[in-house]
């Protein structure tokens, strides 16, 4: 099963999910999680831009080669909304995955519940912790429940 | 041409776009813009829920009947990011529209430029004002430029 | 908006929905609701079959010309599970609509709740009365809530 | 060839099919067949719900991650209708598979023939025993007939 | 309802179907039924070819502009196999329609039954007369049976 | 590259193509080429039918499990029209493959040229011999021309 | 029938086609044919860019809103290659239309025959004059041949 | 990751990209780059044609078996526009890839910038050198930037 881990890149939630899934037949993919590389890749490879908009534009397009291919190849898309930043790209990925009919799992704290209600409504599961994501993947693949 | 106007519901940007498009062969659609009705429609029609999550869930699903049908029927999807709130549903709609191959026009102020770079990268135009959106629609339909 | 009314054919729930939607811009479609005609159409048009299986088979295929075209053309599919019969064709229609990404509304009494949980989980609304279906369609089309 | 075995979970028909297919190049998938785990997985992983509807809802959605992925990946979908329960999820799966253009094989006893006529009409084979399903798969893969 | 009438062009079965459907909300489309024009259209418009293969090739491609657009736009495709000629284009149209998921109705005499078994197996109805085709369309559209 | 070899089952053209492709990275698939098994598989597995139509119907549907899966999985579909029989299933397969956008190669003698002009017009190559088919596959895969 | 007229914008071939189609049930669409407006629309509406690449980029994206919507809505796409300029956008449109399965008609002079062989190979007709295009459309719609 | 290298066949840019990607998990595909074989394959395999148009036509169709299968299987399509020839097939491939939603990377010198603006607008990256293409693929696959 191919699982794309979208969203927050400033905590180690991805490695927690992966560690908790040890032994399962899952292949994880993710965006580039090095914030600096992700921001500057366009200029670094294709040349500097004096205008911040185009600097960002070139980088965002390069990143979309990775993210769109990964979402399209995924069976399950997990989108994590963290505490910081606007995270519109996470919500964009969730909409993208939903339109493709991917199985969507959302992860966020209770304080974001109301603001994320449209995203949650498109999901097959709304979780709060990496452990819950791993428990879902284990159950989906093996039928075993935690505990 | 069918144009879906997604996003911010607390300013009158939709009526500005529509007024500036007078005379053009455009049909506009939009989400329900009455914030209270949009929040409470699920409970009002299907029955109250003691848990806020399910209250919101029922409402968000009803709203998605309208929004998904409108996005799928649209030729062009305009997504406006305003100054207030998290607006994750706007970004979700943008991702949904992008995955369906819809022509995407984004509208937001310059302060959101960096945070919206992934959304902007999927768009065919990034605008700041309702006038620009109307100018684009007029040009696309008639070939006439402003001024 | 095109709405297909699938399922139970032995009560007048369809006319109740239609009456309660008066004035709305909705086109309703439905299967043939004459039970006898629906059962015997294959033999009546294409010739009698001594074997009940093929008698039913010819009829079911003719009916599927109508139902599949209607589901594929629909924006919203409403599936009503009544009190009587197995109603596997209703559940089949729900699955068919879900796979096509149609907006699904389910209607059934509370006694069927557990048995229909997989169908309900694919729906954007679970209702109990024709009035609720009409209220949803009115809200989706006009933004107006009941009462 | 990937074959999804949908429907009844209270008899050992799946293992009979699999045993009778020994030596064939077939990968079988199936829903979680532990009735208790299937009913309670949502609450067990995502937290208890006081309302039975939402308890079931959370579970049904988790199960759909497994079932939809398996149906979409399958070349052939076999749906078994047993003697007990409403089995609307089996009919739902059949409709879902039909809409995706999957090769559908139905298995049921003669007493369900009339009630399942719409489902049978969408199938490429209507069988009564696991042996017949295995015979079909062997013939499809190798061209060899039984006996 | 849009109905494409494919196949035999040397009898008046199309006008019989159309006459028997008078009053129904059906739009009929068909290939060019002037045999000479159909054979020579390519050369007549695009220039003569010394080689019969290319003469036919240019014509067949022009005809496919009409036939493919009509099949893709159709809700129902009726394919008539007559007594004369090889009629491979009729079988080709049937396969084309089947792959697009169109509702397929086949018409042929009993002597072609065995040779057409694969085509019949993909059809929702196998008829022998224009009257039966019209009866099906009337039933599908109005629920009324003949007689 | 996956290549489906459709059509005539009474000569050894398939083994000629396969022998001439030795060493190439091609996987060939084909219908069941045992005429008797292909005709009687439905009755043999699912039970006898007194009516020849249903006897054939059950068999044709079983065969379509194999053929449709193979066509849908194929990169290239080769359709051979031989000297004998009506071969409507060959033309049906060609139409099916064309509608799915598969690369179509047709093989037939010059005497069938006019009758097959619509099928030829949908093909990317019209051949007369197994050797030509193998030469095409070798060229497509390696860039090497014969001789 | 909807026909998109792509390619060369410096001669009056579009009006010749349209005039020669008078009386036919055809709706023609086209790109913006005012060369200056087409080049500068992005900067005129969205703001000037010091870098020519981004000036062109903004304009090309606005134009693609019109052209992609028109190609996707078209039944037939006609692509004219003129005598001047590189005309890569014409070839791009042809590839875009081909991938969507649109009926493609190409128009160009004999001197471009070899260079356009891949484009011609994807077309259902290769023409040299507006008259031929009109003759094709008339034949496709009415069955009437010229002269 | 599967990467199709389309366009110019008269320089060694493909081997430069491949060499610079050593160690990456990339599978490269390409058209036949032997100009003579590519031009004459149709006649060589299927027989000579006195008319240059049909000579080219038969060859272009054989080549399209390879190129379309490769584009459809690719995750990323790189299109190189060189200094010589019209290269309409390169632009055609770019349009074909864009319509299929493939990630498109374009490579060309600055002198072609204006003429290629529509192609560039559909791309996720516009490059000038094989090194840049390789840097993009490395970044997309590993997150590592050059230098």
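The first chain written gets the first letter, and so on, giving A, B, C, D, E, F, G and H; residue counts start at 1 in each chain.
We take it that contacts are C-beta pairs under 8 Å (C-beta built on N, C-alpha and C of every residue); 3 or more make two chains touch, one makes a residue touch a chain.
Note that the structure is a prediction, hence the values are computed from the model and not measured.
Q: Taking all residue numbers at the subunit B/subunit C interface, are over half used by both copies (same) or under half (different)?
A: Mostly different residues.
Q: Pick from G-H, B-C or E-F: which interface has over half of its contact pairs in common with D-F?
A: Overlap exceeds half of the contact pairs only for B-C.
Q: Comparing E-F against C-E, which pair counts more contacting C-beta pairs?
A: Top pair by contacting C-beta pairs is E-F.
Q: Measuring from the mean C-alpha position of subunit F to the mean C-alpha position of subunit G, what distance in angstrom results?
A: Measuring from centre to centre gives 37 Å for this pair.
Q: Using mean CA coordinates as chain centres, what's the subunit B-subunit G distance in Å?
A: About 31 Å separates the centre of subunit B from that of subunit G.
Q: Averaging only over C-alpha atoms, locate the centres of subunit A and subunit E and give their separation in whole Å.
A: 50
Q: List, in ascending order, every residue of subunit G touching at least 2 other chains.
A: Only 61, 64, 126 qualify.
Q: What does subunit E use to touch subunit G in their complex?
A: 32-34, 37, 40-41, 44-46, 58, 61-62, 64-66, 68-69
Q: What part of subunit D is in contact with subunit C in the complex they form?
A: 52-53, 56-57, 59-61, 63-64, 81, 85-100, 112-122, 126
Q: For subunit F, which residues are in contact with subunit H within the complex?
A: Counting only subunit F, the residues touching subunit H are 1, 75-76, 103, 105, 124-127, 132, 135-136, 139-141, 143-147.
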